[in-house]
Structure formats: structure tokens, C-alpha cells
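The two complexes that follow have chain A in common; it is paired with chain B in the first and with chain C in the second.
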Partner chain A sequence: MLCTPGEHRVTRRKFLGASAGAVGLGALANPAVADELKKQRRQVLFVWLDGGMSQLESWDPKPNTPFGGPFRSIQTSVPGVRVSELLPQCAKQMHRLALVRSVSTQDNSHSAGVDRIQRGDPKNRGVTYPYFGSAVAKLVGAGDSGLPPYVWVKPMSGGFIYKHAGFLGPKFGALALGDGKPPENLLRPKDLSAEADDERNELRKLLDKEYAANRRPELTEANTHAFEMAAQLQKKIELFDLSKLPQKDQDRYGSHDLGRHLLLARRLLEAGVTFVKVTSYGWDTHGDHFNGAASLHPKFDKPFAAILEDLADRGMLDNVLVIACAEFGRTPRINGHIGRDHWPEAWSVAMAGRGIKRGVVAGRTNDTGTDVATDPVDIGGLFHTWFRALGVNPEEVQYRNAGQPLPIAHDDMKPVSEVLA
Partner chain B sequence: MPRTILLLALLCAAPASAAEPLHARVDALIGAKAKGDGVTLSAPASDAEFVRRAYLDFAGRIPTAAEAKAFFDDSSKEKRAKLIDALLAAPGYAERWADAFNVMLMERLGDHAEWTKFLRDSFAKNAKWDEMARAMLRADHKDTDRAGAAFWLVKRLENYGQNPVDYSALTRDVGRLFLGKNFQCCECHDHLTVDDYKQQHFQSLHAFFKNTYLPSANKLIVGEKPTLDKTAFASVFTKVQMLTAPALPGGAMLEIPKLAKGMEFAELPDKKTGAPGVLKFSPLKEVSERLPTKANADFARNGANRLWFLLLGRGLVHPLDLHHSGNPASHPELLDLLAREFAQHSFDIKFLLREIALSGTYQRSSVLPAGTKEAPHAKYFAVALERRLSAEQLLQSVIVATGADAKAADVLRPKFVKAFANQPREPEDEVQPSLRAALFVLHDPAVLGLLEAKPGALVSRAAALSDAEATDALYLALLCRAPSATERAAVAKVLAKHADKRAEALGRVAWALLASMEFGVNH
Partner chain C sequence: MSAQPKAASNAPKEVGKPIAVPVQASRVRFSPDGKVLAVACFDAKARRYDVSGKEPAELPALGEHNGWLSALAFGEERLFTADSWGRLSAWDGATRAWTVEAAHDGWLRALAVTKAHVFTCGRDGFVRAWSAADGKKIAEFDAKADVLSLCASESTLFAGDLFGTVRTFELPALKPGRAFEVKEFYKLDRIQDVGGVKCLALSPNGKSLFAGGAEPKGGGFVECTPLLVAFDLASGKRTSQWKGANPAEGFVTDLAPHADGRVLFTTSGQPGQGKLHVWKPGDATTSFSGGKLPNCHSVALHPNGEVAAVSATNANSSGNGRVKGTGGDYPNNASPVQMWKV
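Here is the complex of A and B:
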């Protein structure tokens, strides 16, 4: 069993008001400063295909082989690189993408896999490591948005998911927007006017100022930070209203969950959120896999290609690291239910954007796709790659947990240099 | 010089010459360390600070305006001691300390009416801490008067989703909450950073609990399978096979009796009724008789340290679950003294709480000493630390202040817990303002509804008064004090602006007080 966050707890107060929000609200008033800050943004879009997308029907097709399945491969915008015909839109974005086709990880079960992959599988040091989103929230910070650094757009329920933060402490947990909806109580009640709201908050601030004047300031600062974040998030309420966007955008992304959620992700990234995770469920196709893939993959293909295009159009791909990942791939062998099962030994991860070479493929699998034919890349190596792409060097940067230095990525692993720009 | 004072204090602490009451000895030790390190103590808390603090600690809520006023008007010299004794004797004491112990011992794993009853009954009759701990660890289903005590174990023996029962977490919690020692990192090897914590400690403690199980879902009954052999374990580093019988960490191993197969039970389990039977050798019985005792220094020190924490906001040993030689108490003599007195008074919680509350250390202001630039380190207890209020303390305070009827509390309780409590297994041991709580206070209709004008409500009562009187009434009801000149002027401005909609304006003023940092903590 791992040690709890409580055991090695950092003093959360130290972070409150300090790392997040400190660049803060005042700076935004000045447009020149705001533009400069935007250019310096380091952001991540992390698309999580929960259950595991088949690499054979996506990034690493093997048509006309024993395990290849019925789908063909198609040309992409990069000569010589082919992907499954189920990803026609992504194929057109290949010149912006980097694929790692030699991903080989350890866990065959969902429960272990999701945790292990998203925590980057560091060596066991008796602490619970943060999810990638919490890690980036800590290492990169909240930036200039005034919004929480780690926002998770997902189907079903939302809330404040502290557990992702591991030993970093709840501050770095995820703000989960269930079905893309804003957090509970975000909206000011209709019968409370903006003016009345300001008035009561001014009084509250005055009280807090009086209170903190001759006491330890840290707690009041933390409290102020929480209220400021609430205020900032309220001002961004229009983020959640996708109906005001051009119909063309809504059509390009699609009206299904992942389409709407990726469109919201684009809006959150534009607003400056540091880390946006978008989860899509239902990829665990143990039975009737090929009909499943024919229905599922377009739901990823269309909005993922759309967001790559939009980020590129807005000049944001230089700032935003984009990753499409899952807890594992799917078995080459087709089971008795015409399904593919869990396959961590040989699968693919796609990435693009900040710090990533464009239009490249790293690693390959053997002819039948059953195993990697080049050096296997475990999730620790991908964490090294992603941190470096964000300008955080794992050789130099460490976590400090109650005085104990801890590496941010698996210390025996190396980045995939072929995909690093 | 400080050393001499400490020595004197120690001598005084010896039972034979204990002329001074315990609270005076507490102050002597706290004062000596502060003096030795050149730390200035803050002034005594004002009556307003004290009355609020005492009610929150011993009644689980802020005082009503009438209660606060009665205290201010009392001119007797012993009025603070009198108030402490009155609150300790009032029914609110059992409710407050049942809540405090529930939060501390269950860490939001769940609630159960029987468990609440066990805690309330215990505090109402001033059951001793060893007796309470024994009931929790024993989980004797035949002890029907205290059936709820089993909830502590039952909740930790449940499956969590699809995961198997987390026996390691159970062992960890026994160590953390009853002994003040977190052996979690010693399950697979000796602790890497704490020399005192050995794998043997984890494994021998674990051996008491590893054969426990839940015979039936939804019942407060813990079953035990026979323990016939020692537990085998090996460090992941040395791979050397070791054996241990149940033992308290660092204590002697129990003799596991040799019982012939089929002869393990004095009373056989009954599958039909779900009765778990009675073992001839029950590790639960053993641990419940050995762990919560005067002979076990860890038990006394942990208990004293946690009660100190609950009233002062920080343990003498801190974090609370890391008692070891590399993490000594901030005031070692004081912890020894409190632990010794606690044990000598048969682990009488009320006795120790009373002595701590009578101390000048407890009654210190949270306002920094005049001219101080930087607050002294919390470990000096030189300035009162702001303490977190539990969801229940906040709820009861809001109810009392706004004049809502008690029935409203039942509707509001789940909302308050959701907004202010931590996630399960996250100890609530520091103030943690959160976005979730801020949004709740800002916008939740349940909160805003309390500040609307309706018969008997605070805002309506204030609306009948002049502006100055109304301001005083809101401040007294919510913050137990009078407004400062700046505050009074700001409120007056708001009220003058909205003379036509005065009740609404008063509601917003009341909201600002309720949403303030000052209302949200025990300062």
C-alpha cells in the first residue's frame, strides 16, 4: 500500500495565493501585459479514451495481416505515414501530429492501468504520485487565467476531484465539469443583482482586511484566493454556453459528448486554463469490436482533428501540448466475441503542439502488430517527453515533499527524443 | 535560566508536590520555552474572543447574542472559569465532542446513528478514553449498550467498490489514531525516513486484525476467524522470512495457544443468525485489553496530544500521527506532564479539556502582539492559532446566529458536510478555504434563504431597529463583537443607500459577516 497524502503533506497554505493566481487579476487589466502573458502560456490538452482505443483501427493499422481486421489504411498529409480509414480527418492533420507506435506498458486491468498511466508510473517511493494534470498544475502553475489550473471535462457527474493530486495535496486536484456543466453553485441567483452582489462582497472584503490586519495573513489570503477564483469562474460563465458559438464550429466538432467536450476544451484553453483533460468513456470493446470501432472512432476523429486545426489557426499549437492517450491498446488477437481485449504490450499514443515535432512517427511494431519491434516506450518515458515538451526538465526539477526530494518522472527512463522538437 | 525554570516546573509536576493546578503548570512550561527563545506571547483574548471560542469548543456553536451579552455583563473575576464549567456540564458538550471525535476517528468514511449514539452517550456520562477505545477495538456484539462502537472497525472492514478489504489501512488507522504512529510505510520494509518505525511494528499490529471480517452487510457486527499461527513476512529489501504473533508495536508477542482443529471456538458461529461466535483466543479481545492502558505510554501520549490539538490547533507532536524520536514534541516536558496526568486521572477527557481550557495558553488572543512584524512559529503557542470549524460547528453557528429553527438544521446538514468537510480519509486538521465552500456560501439558496426577512429571523429583528442598533445586533449575533469604526461607517453607507429596501440590505450585511474569514474559523 502506498503512503497517504497526509503522511507527507506539504503545507497547502504555502501554495494558496502563491503559485496560482499571483500573476493574477491586476495584470489582465493591461492589454500589452495580457498579450505577453498569453504568449508565455504553457498548456496541455489531454484526451483520455477510457477503456482503450484500438491502435490497429487508428494510429497503427495492419491491413491484410492475420490480426489486421476488416478496415483499410489510408494516406495521410505526411507521405509514407498511413493510418486507419476510421480516422480520415486526423489523417489530414498528420503533418501536425507525432505518433509513438512503440508504447509498451505494464498493466492489463483498467483499475490499475488508469492510475498507473496517469500517474506516470514513477518508482515506488511510498507516496501517491499526482496525476499528470495535477503534476502540470503544480509544475507549470495556473498562469494568467485566474481559472483553476486543472480542469477535467467528462461525461456524467462533476465535482472537485482531490485524489488526482496525490501527495501534492488537494489544491492541485481537478475541477471536474460533469457533462461540461459548470460547478455547483457557480451561478449567482437570479434575484441577486450584480450590484447587490458587489456590495456584499465589498463588505466581506473589508471585514477580511480588518480581520487580517493584525493576525497571521496566510489563511485570509487563502480564503481570498478561493473567493477570487469563484468570481473569475463566474465571469467565464459564457465559456459553458456553447450555443452562442457559430453553428459551423458545433457541426465540425459534433453534437456528441466528446465533440461538445472538446469544443468546451478549446474554449477553456483559449481562456488560459493550464491543463484541460477531456475523457471519453466506452472504448472497452471486448465484443463486436469492429462495429464498435466503426461507430466510436469517428466520434474521436472529427472533433480531435477539428481542435488541432483550430489550435493551429489561432497560433496556439506553439503553447498547447496535445495528447491522445488511454490506459492501454487492444489485443491483436480477435476473441470469440469478435472483440479485442486489453493489450498493454504494443500500442500507440498521438501528440502534437508545444515542444513536439510535427508529422513524425517514432517506433514501430512488428508486422502483425503483436509486439514492439523497436525500443519499448513505457509511460515513464512518455512523461519525460511531455515534461520536456513543456519546458520542464525532469533532470533538474524535482518535487519536494516534506523535505524529501522526489523525481517528477520515472528516474530510469528517458524521453522519446525523436518526437521532441 | 530557562533550564532552571523547566526543572522547577518538572519538580512541581511530581505528584507529591503538585501544589499548582495543571493549567498553571501548562502555562509555566509554555512561557519558559517562549522566554528562552525570545518569543513574545500575545495578550490574553478579549472577552469577545474568549466567549466565542469557549462556546465553539464546548457547545459546538457560537453563543447567542443573549449569551454573549450575559458574559460581557458579568463582572465577576472568575467568569471565564465559570463559563467553562457551565459549558462542560451542559448537554451541548456531549454533542460537540461526539462531533469532534467522529470527525477525528472516522475521517468522513461514513455515518451511523448507533455510532453517533455511542459517542454522545460516552461524552454525556464522561466515559473515559480507554473505555471508549476498548469498546471500539473490541467490537463486542454482545455489548448491546455500546453496539455503535463497532462502527469504527466495521467501516474499515467494508469492501470499497470492487477493491478487497483494506486491512493495511485498518492497521494504519489503529496506529495513527490510537497510538499516534503511522506505520503505513512499514508494511513492506522498515520505514525509510523514520528510524523508530519497523516493519515488525506494522506486522505485529496487523496480526491482531488480519482475521477480522464482516459476517453480514449492514450490521454492526465484526467476526473473527481463528488465529492459529504466527504471521510470516519479509522485507522487500532483505527477503529474510520473519514470523510474528500479535503484539503492540515494540511490545512482547502474544502466546498463540495451540487449539485442536474444531476446538477454536468457545461458542460456534451460527450461519443462520449471522452470530460470529466466540473465540477461545481472540486477538481483538487481546488488543482491546492491552492497547488502551496506562501501561501503554503511546496510548496516553497520543490521547493527550490529540486533545491538546483539538483545543490549540496544533499538536505538541505534529503531525499528530508521527510520534517518534526524530520528531520530538515542541514541549517534551509538557507532553509528558499531560500524558501522565491524563493517565493518572483514568483518561478522563473532560478533566484534561478543562485544565487546558483554564490555561492562559488556551485563553490567548489570536491577535499578534503589538509591534510584531512576523508571527512566531506556531509551535510556540505564543499566539492563538486559528482553528478549522467542522461542518457541524458551522451549521449550528449559522442556525443560532440567523434564528433559523432547529428543523432547518436537518435539511442543511448534508449540504454543509458536502461544502465544508474533507474527502474521506483526509484528516480535517487545518483550515482549508476552498472554491467549493466559497461557491456554496456565495450562491446556495439554502444559505441565502437564512438571511431573508421572515418572522423571528435575525434580519427581521434587525430591521425593526435603528441603523446603528441593527448593525450592533448583526455583529453581536454573527461575530460576537461590536463593529469597528471603519466597519460601522461602511455598513451605515450601505443602509443609507437602500433605505427603501432596508431588509434586503441588512440581509447582505449579514451575509458579509457570515461569509467572512472571522466567522468561518475558531480564532
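Here is the complex of A and C:
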């Protein structure tokens, strides 16, 4: 079965049921209808710890073993499940989390690994697969928010990253918010009237059309789509003003990049964005790793636990699939610079929320953390798991690229059934 | 300031084969009588070697710790050991004299010893004073920062933190005094705190304080240029410094000031980088920088002043993915200890 736009619409029966008593388009303003639409949202929060967080100092500690490092493990809210002492707040949220401790992937270089993981490392069919965010934007859709479906909150610069979309085409690319800020010049200048702005946009569209006439459509579509998305964000500019949130929220998430960006992610999810990716850079701790982990991990721990708690409090964990991931883990072996190097052989991924069992651990590594001791899970298996969690069955749904049917996840792999609700 | 050493006729020379410590280590120290060399190891043991004969002979290791053995220091009569889970112990030979199970909440970073007291600091931000006789807590100070390094005279404790500040404390009550700053030791890179005062030592004449660390370029890989700073204790002024040549060289990891005025110190940076160095405060360069083994993490000076022990790392210690040992196993790295005639 091919994916069709109809799958993403509110069913007529549900719409009518929810809007009973309302009249015509006015029903959309009805809180009952709005609530029903919110309940049907399928969303993703994808936290990317670029460079690779150590599994041994996070989800799969091996204290008092040859490669275990200096840190202790601590009890979590799930009896028998322990995590590193560097994640004390996440430990309190373990009853909402599912861990896969048997992840084993294929690439130990950043340059290839980031792409392979985020595209799901499917079989090579001579096409460039989409990143997970673009895939979800296509397969789940933009929903009812009127906002771009794939928003990427990241440090440094932003822009429209159409390359994430692969063969899906530019409009499924990522709108990257550099340092969590809206695109520059998003707002209409105060001295420019709405009418004048409209006229300028019409002129721009005309020029775009002329420009596009002699160029490849995938390039010009990206440009046009970027303007459209910016216009959508313009209507929700208040989302970016975190200063009006309670100080308590800002304290719980932290004032550093990752904290601020996860707090913005919560706002974007509340506003209905389908896929929010939050990237934190600097996790490639080849040197002075344990002091690095002592500094870095708590800055993930607090805001990640806070957003889990907040999504749960708002009843959103039933809708939002939450994933914390990287391109690989880190070596058990400790190098001479007291660092850990790249390790795709045996690492961990954490998830929670929509379609995911709560408080479970799937798979395990051996006593020293050097090998997966159960069936290894490659990224293709995780893509199967995540799509299933979102209600998209990879056995039934395919992409169609210029007439070519393509599986949405690696054909030979299966979901991690132990973590699926 | 160049890091290139001058040619020196009295350059240290490696003596004999390294002691094959089978795991990685953080500290080496000689006993006051010079007969025992103790090594703080990542498998939570203090390995001990009788170095009074022609060849080092291994003595029973001291265990009963957790995580890493993160620090050790000899008092006049006892050896004190500490680990990364917060335990502090005192040993009479191979017999445990006393233990404080939770001297700190987690990583106990460093130890310093006077005749009657042992001092500790930790990632929990506390500096604490204990009775060397029975392990009773005497005093504590909440520095509200990760305290990485200590050294002490009979009257003053010096404690160096993550942010490049060295605080002084009057002993034994830990009454805070003045502070010395080496702001170059710290950098916030993205969201990572990098650096800190990695090691501290007093000159044998008690007039100078030496602080070792690095000038960080960035986090992650932690590229940083080693930096050693000397302070005059009377004036509190920074009097001289030595800085490495490039950010691959890493940190100054340990210090051993010699009675003749030279300072022996070790560095460790990117795998394969790191040496034993000899520096005379005031000189622009080291008089010696070398050694066959890289990534040196500790240096101890024998009480006779003629021999030093340097804990280093085996070659080829890094590697992404699965590194295979000769038997197809997954090997750990180790810290061979090389003796030097200095």
C-alpha cells in the first residue's frame, strides 16, 4: 500500500463527532475540535548528540569493570534498571523511557556515520534516502499547525536544508533555526505596510517564476518553499520569545544552548510542529573524556528529563515520539589522552512517548560493554521501530520515487518489538 | 614562548625497562624512605613495587576501592588512597588502618598530606580535612566548583579548581585566604567546561607555588597547549611560566619540584603526545623534554633526588572501532612506569 494524503486527515466521523453543535468553518475554532485534532497529532522530538555520547557514562554503565570508567551507576524509577550517576534527572524519568542497549551499527566515521544513521542506512538502491525528519514530514505530514513539518533547532547558523530530503524533494527539507532563532528578516519591517509587503511578495513570486523557467525544478522549489515556510513562521513569531516563560521553566532546562533549544522544542511541539530535531555539538570526546562527560552529560540530563516531564504533564507523550540518539557510542577502551574513541559496535539509544512501552530495557551488552550479548539492533531496525510507533507500518507503506517503489526502512530488518507498545 | 628544549649535558636518562603496570594509572608516588613506589590504577587498586633492590619487585596490591583509584599520597608513616566513588583509606603497609566510605559524594579528585592531617577535594565541590590518625573529619569548605588538585605545606592548603582558581586555606581549620588566578586554564567551549588546575606543587624551599594545566583550544577532542605557571608566594605574583608549542600536546599532568630548583613535570595530549620535561623557573624553555613512552600522566621524585618515576601510556593507545589485540582479544591500554636518572 502506498502512502496517501488521506491517511493524514482527520476522519469525517471523528471530525463530525467532535464538531457537533458547531456550524461550518466556525467548528475549527471550537475547543472540542481543536482538542480532537491535537489528540490525533503524531509528532517526534529527535535529540541528536553530535559526535557520540558514551553509552558507558549514560544508559549502559559498567561500574567496577575494566572499561567502566570512574563513575557510579544509580538506581532509576524502574526497579533493577540503573544508569550512570551523570544522569540523575533522567533516572527519575526512567518509568517513561525505553532503552535499547544492543544497538550495533556499521560506520565509525562521523562524515559517513551521521548520514547513514539519520537516513536509516537502507539497502543501496542508487537513490539518496531522506533523513528521518524528512521521512516523517512526508509520511505523517504537517498536521494542523500551519507550521513547517520539519524544524531543526541547532547551534550556529540556520537556513533551509533541502539536502535532508533526499529523493523526496526539497519541500521536505529541514527548516534550521540557527541558535534557536527565527530566520533573519522574518518579520515585516515596521515602516513597511502590509499592502506594500504583499506587493513585494507578488513581485518576488513573478521573478522567481522567471528564474525557475530555465532551471532544475528541485533547486527553485526549495527556494520557493523556504519563503513559504518563513511566512508560516511569521504568524507564530511569539514562539521564539522564551523570556516570557516562567523563570522556573528556564531554570529547569538550563541557560546553555541545549537547555534553551529543548525548551524551544517543547514550544514548537506544543504549537503542533510534526518533527523537531534538536542538535547539540561537541560530544566527540576523544580527550579528557571523563571530565568532558562530567560537564556535558548533566547538560543533557536536566533538560531532557524536563521535557519528558512536561510532555507527560501536558498529555503529549501519547502523541510525541521522543528519541535521544547519535551516530555511534564511544569505545570501551580508554586512550592515552583519557578519551574514548568512536564505537558503533555496542551502544544505546533512548526513546519514549508515542507507541513506545514505558520503563523497559531491550537488549544488553556483555559484562564489560565490549559486545552486544543479545540480537544486535542496527539503525534499520530502529527506523522500523520508530515508524511503527508513529503508526506507519513499513510492511505496508512505501515511498514512490519517479515510479520506483522504495521501502521506507531497511527491507531485511525488523522493529524492536520489546519496546513497542 | 618556545617549547623547544635546550641541549643539556645533564639531561635525564631512562634507566632499565619500564615496570609493566598492566592497567592505566593516574598517579605514582615514592614512600618517604624511597623503598616503595605506589601506583594509583584505573582498576581501583594501588599497585606497589619494592624499588630498593636492583629490579623492582611487586608487592601485594591494595584493593577495597571502587571505580578508579584517583589519588594516593604518602604521609610520614601511612599511605592514603582515594577513589572515584568517594572512598578514602589509610594503610599501614598492606593493612588498612581506617576508611571513610563517603569522604566525598563521588569522584575524590586529589589528596594532600601534612604530619597530622590528610586533605581531600572532589567533584562535589568540597575541600575536606581529616585526621591522619583515625580518619575523623576536622573541617570542610564548600568551594561550589569542581576542585581538581591540592598541595599543602604544614600551615597552608592550596586547592585548584575547574575554573583556574587556586584558593588558599589556613590549616587545619580550612579558613579561606587569598586566591591565585590562572584564567587561561579554563574555557567554556559550546556547552563543555574544559580544563582546570590539573596539578599543584610547592617548591621544596616553600617560596614558590607551581600550577599545571593547559590553555584549551576546544572541547571534545580537547586540544590544549600545556601551561605551567609559577607564583611567588610572598608577593602572590606570577613570576614565570612555560607554555607548550601546540594544542596537540595537552595538559601538564603532574609536577615534581626538585631541591636544586628545577621542576620535573609530565604532559599528555593527543595519543602519542606527552613527555617528561625539566624546567628551571624563569627560563623560556625546558632544559629537557623527552622519553620513549608517550602520554605521561604522573611523575614522582625519589627522596634521594636522583631518580624519578614516570607513569606513561603504551604506544598506539587510540583507535576508532574495534582494536584487536595480538590474540584477537579487545585489549585495554596500560601505564608502564619508567625510571629516570635525573
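The rule is short, and it goes like this: the second predicted complex is superposed on the first by the 349 of 421 C-alpha atoms of A that agree within 3 Å, B and C clash if a C-alpha of one lies under 4 Å from a C-alpha of the other, contacts with A are read in each partner's own complex, and residues count from 1 in each chain.
Heads up, the rule we're going with is that a residue touches a chain if its C-beta (ideal position, glycine included) is under 8 Å from a C-beta of that chain, and two chains touch if they have at least 3 such contacts.
Computed from a predicted model, the values in this text were never measured in an experiment.
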State whether A:E199 touches chain B only (first), chain C only (second), both chains, or neither. first
Classify the contacts of A:D208 with the two partner chains as first (chain B alone), second (chain C alone), both, or neither. first
Look at A:E85 in the shared chain and tell me whether it touches chain B only, chain C only, both, or neither; answer first, second, both or neither. second
On the A-aligned overlay, A:F240 touches which partner chain: chain B = first, chain C = second, or both, or neither? neither
So, does A:L296 touch the first partner chain B, the second partner chain C, both, or neither? second
Thinking of the overlay built on chain A, is A:D288 touched by chain B (first), by chain C (second), by both, or by neither? second
In the superposed arrangement, does A:R188 touch chain B (first), chain C (second), both or neither? first
After overlaying the two complexes on chain A, where does the chain B footprint on chain A coincide with the chain C footprint? none
Complex contacts: residues of chain C adjacent to chain A: 23-24, 42-44, 66-68, 70, 84-85, 106-107, 123, 146, 189-194, 196, 219-223, 250-251, 268-274, 294-295, 297, 313-314, 317-323, 330-333
In the complex, the residues of chain A that touch chain C are 51, 63-64, 66-72, 85, 108-109, 155, 256-258, 280-288, 291-292, 294-296, 299, 331-339, 341-345, 370
Chain B to chain A touching residues, read off their complex: 162-163, 166, 168-169, 172, 182, 184-185, 187, 192-193, 319, 321, 366-368, 375, 383, 386, 422-423, 425-427, 430-440, 442-445, 448, 484, 486-487, 490-491, 494, 504, 508-509, 511-513, 515-518, 520-521, 523
For the complex, which residues does chain A have touching chain B? 1, 3-7, 9, 12-13, 16, 111, 126, 148, 160, 162-163, 170, 175, 183-189, 192, 196, 199-204, 206-208, 210-212, 214-216, 219-220, 222-223, 225-227, 229-230, 233, 404
